[in-house]
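Structures given as structure tokens follow.
Shared chain: chain A. Partners: chain B in the first complex, chain C in the second.
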Partner chain A sequence: MTKRIVIDPVTRIEGHAKITVYLNDQNEVSDARFHVAEFRGFEKFCEGRPYTEMAGITSRVCGICPVSHLIASVKAGDAIMAVDIPPAAEKLRRLMNLGQIVQSHALSFFHLSSPDLLLGFDSPPEKRHIFGVAGVDPKLARSGIRLRQFGQEIIEALGGQKIHPAWTTPGGVRGPLDEDECKRLRGWIDEAMSTTQAAITLFKSLVGKYQEEVNSFGTFKSLFMGLVADDGTWENYGGRLRFVDQDRKIVADKIDPADYQEYIGEVVEPYSYLKSPYYKPLGYPDGIYRVGPLARLKLCEQMGTPLADKELAEFRNLGEELTTSSFYYHYARLVEVIACIERVAQLVDDPDIRSPDFRAYAGVNRLEGVGCSEAPRGTLFHHYHVDRDGIIQKVDLLIATGQNNLAMNRTVAQIAKHFIRNGKATDGILNRLEAGVRAYDPCLSCSTHAVGMMPLIVDLVDPSGNVVRQWKRDG
Partner chain B sequence: MAIKTLTIDGQLVSAREEDTILVAAREAGVNIPALCYVDGLTPVGACRLCLVEQQGTNRLQAACATKVQEGMEIVTNSPRLHEYRKMILELLFAERNHICAVCVANNHCELQDMAVRHGMDHVRFEYLYPQLSVDVSHEQFGIDHNRCILCTRCVRACHEIEGAHTWDVSGRGVRARVITDMNQPWGDSDTCTSCGKCVQACPTGAIFRQGSTVAEMERDRSMLQFLVNAREKKQWNV
Partner chain C sequence: MAAKPKLAVYKFASCDGCQLSLLDAEDELLAVADVVEIAYFLEARTAVQEGPYDVGLVEGSITTKHDVERIKEVRKQCRFLVTIGACATAGGIQALRNWRDVNDFISHVYAHPEYINTLKTSTPVAEHVFVDFELRGCPINKKQLVELVAALVHGRKPRVPTYSVCVECKRRDTVCVAVARGIACLGPVTQAGCGAICPSYYRECFGCYGPKENANSMSLGQHYLAAGKPSMQLVRLLRNFNGHAADFATASTALETANK
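Up next is the complex of A and B:
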């Protein structure tokens, strides 16, 4: 018998996870847990740095969604400076965030999840990756990679580089977008749109095959949280927080993101380095809520652009019960990509983004600031305390993936209970456990799992805490 | 003005007698690496990167602080010099917390350029990871001791060109720090004129304009030499 918790050194770096499945005396699954076995320490080592450097430092949290941190961080900086940034700056930041959402969602759908959807959850693992998809449907794989490139090139056009462009600053941005770049992006919009629409058609044609997965990948009651505009339109940069329940009934609305701590509590569970946030008024763990694409679609009244609104109407027609399944995160992601492309098309034609007034300057006028924006995976908060000179005293980062922690745990338990019989799990079942987590597109998978497998350990544990069996995969 | 003739890397070079080996070499197109030296300021020979070999002696000379002599034969690049220079750079990196990826001077940093030039792909010494502070009490500028290499360009620019002598060095060896006035916060300095010459002189991201984000800190170091020339040639009638 091995010991109960096995943490391989391989798992202690970014992007590594572990799942434990618990069995009862009847050899049935009693519970399952999703562990994040990585520790980063950003909140600690940022102390002592000037707040103006925080965007550059915190964007290093992740190579897939650095822009989300660049934006949340400088919004916290805006709050510390107590400035209202120039309209051009807001539009330019929005444009970069849209590029970020497109590239990240394209990565999630085409590179990471389409192998499961197109080739099947039980397909052989050596084929279950983007190259496997390219073998079966080269056009899909190529267009998906191009779609991601479109998003990345928006980021590069603005910030000079695709990854970690330190282009946003407290008070605004470092430069406008020139006309040549606008022209280049304009020429790409039709292709990006047709790729996304083809992907939606594909998803709709495949979802019927996966009813068992739809019914077991996180179909539980929970709240959903995210930013919405004051008129209820889908948001990704500004707006205020809204909580709805699984029936889209508004639970809390028009919450200033700066007051997030009044509504969101966090508990630390001994089995994971990822904290578990919950909606305070309902307590822990009843205050479970989900964030991200599915949540944002649940929250909003409309997407605000014609093609995306058409898709939203279809999504609503599926009914609230069905779309409570986290399997529909995939669908929601594609609807959001459509909305993003439509908004990019509007912004590149907006003369404001070439305005010379893109950066406000000010000193420290407040000792505390909260920045909030929608990252591809959900609502992201940066909360800083500074001294009079602007030196960081305390940092609190509330990351989207963290807010889905409770939901991911519950999803893993649901999948394990549904598929594992007599303590036996096939490779296909293990892949479903992974895919259940992957539906949330957690950030920890980003860096390592683009070649088909998340480095994953699954422990099967009997009631006395002994590991009955362990499956292990390296990435 | 007497002219001296010497050989630098096998090339015959004529130089003014008051020139240093480093200046003579640069005028002849041989770029001897240096971090503490900057045109317009008195050389101090602190960084030791400009060490060169001289025929006839085993002792290495600091090119920035050694005057040319008739008949000198100088070698500016050899495996031994390259190894020493790389080691000096590694020691500089190990001594403080240089995190290029999030530094305001990334891509515009002389220390970084030197490391690239010398193929410094890793550091063989244990990092000290000292706990150092950032002083942003000044209204416009900041000093991050994590990135300071004690080249003392700021001290010399402030003393020799601006005449304020706000900057100085306290402590010895690994505990040495550049300080403002009587080791008080920069913002409380009575002597600082906020002229910004130290900001232009700094080779790394140690002294920076406040609000700068990653890789945003570009400098104009020729400004120092320009000021010195203009003053010496009395280009201003004051």
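Up next is the complex of A and C:
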């Protein structure tokens, strides 16, 4: 009989989740699982709504990355209308997606993960939060909050509000960006860049302290998937799909996102609402792949902007083996923020974003459409079937966090096996388990599109059936 | 209220957007942390201080048996209980399941529906416990959130408008989309707070802030019907993030019945 250690819910990640650690008779860790336990049912209640409403509805899947859903949704809408959207529309959508990546990555690094990195995994829990960081390094906390604000204000400048902006639409967007807003954003670029550079310096100075974590937070062979431009440049809005292995060898390339189902299969494990996607040609579970910042850095040839490329070169110098550790998601996130800021700086100077031609109009010209974009956490797919009137018949959402599900499971198992001895887990070790999941910056509201709790057992039971311990922090 | 009131933030079924509005109050965030003790906020911190709390902010709707029990505990822990956002206040977008068979939902999405233990409905917090104040919106407006916290610190009623979105359109000089463009818009029956964003992009208000005081959505629905709008379009318009709110629900049910 096995016993279980359960952490419920995982704090400082978005949504509800639990971790279960299984101990064998020798009190050693036999396995560990990461569960998600929320169900809201978006795929079903969207049926019967017009495809034009889908952006507004699906953005409510997640308050952390609503823009990612808006963009994948309207791209699916473009496909249903069978239109090429005007250049201004694409640039404006790109600008909003860049703002989204900046704000989400800033939230992940400064608000959620910097407490662990700066204060240590064993620091007292009552200090391990952004306000604790503010106590130790007020400048870092303040600048991190301001960096997230920069990203959020790009979104607000375009969409009128920071969360769930009702601005993108199939065929384009609903308005250009005026010069006053461009000016305000331009004035913020230098500060945002210096904050990000400082964060990278901080990460590099701290990573040496955490070699044990680097070596146990998800160091395993896997594929990496994401969008990349046809010339190999880092992408987040357009491009085609590429899979590479842990040595950056290309496994599959130039895949039209609309054909994703030919390459990605999904299995449902009983212990989680999350489906487990895998790369079909390798089968399950060998087809494990990771998405998100680390994957995007692995599979691109260049970032396409000078400062980000300089940083990418340093990242590459670390060697592919080291950066297979999911601990390096944190670093990859910051490199992406640099790329985003550089691209924002280019776009606010681009006259196209003030063009009056920002929307194409058309009816239903195809009965099926796939929209794909890079959310901060990885590749996101919206797949709709509609009738002749544009009423949704069927919806499939393939979410970034879901695609990292297998990797997150393997990561918590690796951390549990490394740190837990004799069935004893200190608060610091439990925090490492959470942090291992947090490295992927999972967005669990998204991934389960969820509402409802699975009847997961939250006992810690020893081989004779006694409850040994339970860490229950009710959400 | 005490010099430094203790604040707790709870999450039920939701997208997290409303509680993140607290983090979105970037300029005010550290100031807020100075005047209130954020004692329970899982999204932003690990350690939890013991209750009771002076103020509980609740995000999300009630969708499981466990939620029903938990919200009662939350009520006991909090002197003032405030719902934040459309999910907690009206059941949220997931309340669309209230018009459907939830088992059909689950078997569609999951291979092992037997593992899923969910209620048939998604309901607002106020259907389960007494709520002291409701902060509307999908998502909430961070300025209203800061106003709420400030008001509670000073022991006064929060100043949050109860008039309609139409007032906000007039203030920002947005030409009425219903009158000038013939678009069926929920602005006249929807509470203000968003700043009337959607009409400024020439699209209809779809009721993120829920019905205003003394709204009569059925009457507005009749007006749009008479103008030739299909009744099912109006049903869908009313059934968005606040579809389960009483006035919107009554009107959408009546319009749907009339359609049959």
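The rule we apply is simple: the second predicted complex is superposed on the first by the 435 of 475 C-alpha atoms of A that agree within 3 Å, B and C clash if a C-alpha of one lies under 4 Å from a C-alpha of the other, contacts with A are read in each partner's own complex, and residues count from 1 in each chain.
Quick note on the criterion: contacts are C-beta pairs under 8 Å (C-beta built on N, C-alpha and C of every residue); 3 or more make two chains touch, one makes a residue touch a chain.
Because the structure is a prediction, the values reported are computed rather than measured.
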item	value
Three-chain arrangement built on chain A, chain B and chain C clash or fit	clash
Chain A residues touched by each partner, larger count belonging to chain B or chain C	C
Which of chain B and chain C A:G287 touches, first, second, both or neither	neither
Touching partner for A:G56 - first (chain B), second (chain C), both, neither	both
First (chain B), second (chain C), both or neither touched by A:G99	neither
First (chain B), second (chain C), both or neither touched by A:L107	second
Partner chain(s) touched by A:I145 [first = chain B, second = chain C, both, neither]	second
Touching partner for A:P257 - first (chain B), second (chain C), both, neither	neither
Chain B versus chain C as contact partner of A:D389, first or second or both or neither	first
Contacts of A:G436 with chain B and chain C, given as first, second, both or neither	neither
First, second, both or neither for A:P170, with chain B first and chain C second	first
Selected from 56-64, 74-82, 182-190 or 200-208: the stretch of chain B that, after superposition, runs into chain C	200-208
Chain A positions touched by chain B in one structure and by chain C in the second	48-50, 53, 56-57, 60, 164, 166, 174
Complex interface listing, chain A residues touching chain C	9, 11-12, 14-16, 38-45, 48-50, 53, 56-57, 60-64, 66, 107, 111-112, 115, 124-132, 134, 141-142, 145-146, 148-149, 152, 159-167, 174-175, 268, 270, 273, 431, 434, 445, 449-455, 473-475
Chain B partner contacts - residues on chain A that touch it in the complex	48-50, 52-53, 55-57, 60, 164, 166, 168-171, 174, 361, 363, 389-391
For the chain B and chain A complex, residues of the former touching the latter	101-102, 104, 133-137, 139, 142, 187, 210-216
Interfacial residue positions of chain C with respect to chain A in the complex	10-11, 13-21, 23-24, 26-27, 29-30, 33, 38, 42-49, 61, 63-64, 66-67, 70, 92-94, 96-97, 100, 102, 104-106, 108-112, 115-119, 122, 138-139, 141-142, 194-195, 197-198, 200-203, 206, 208, 236, 240-241
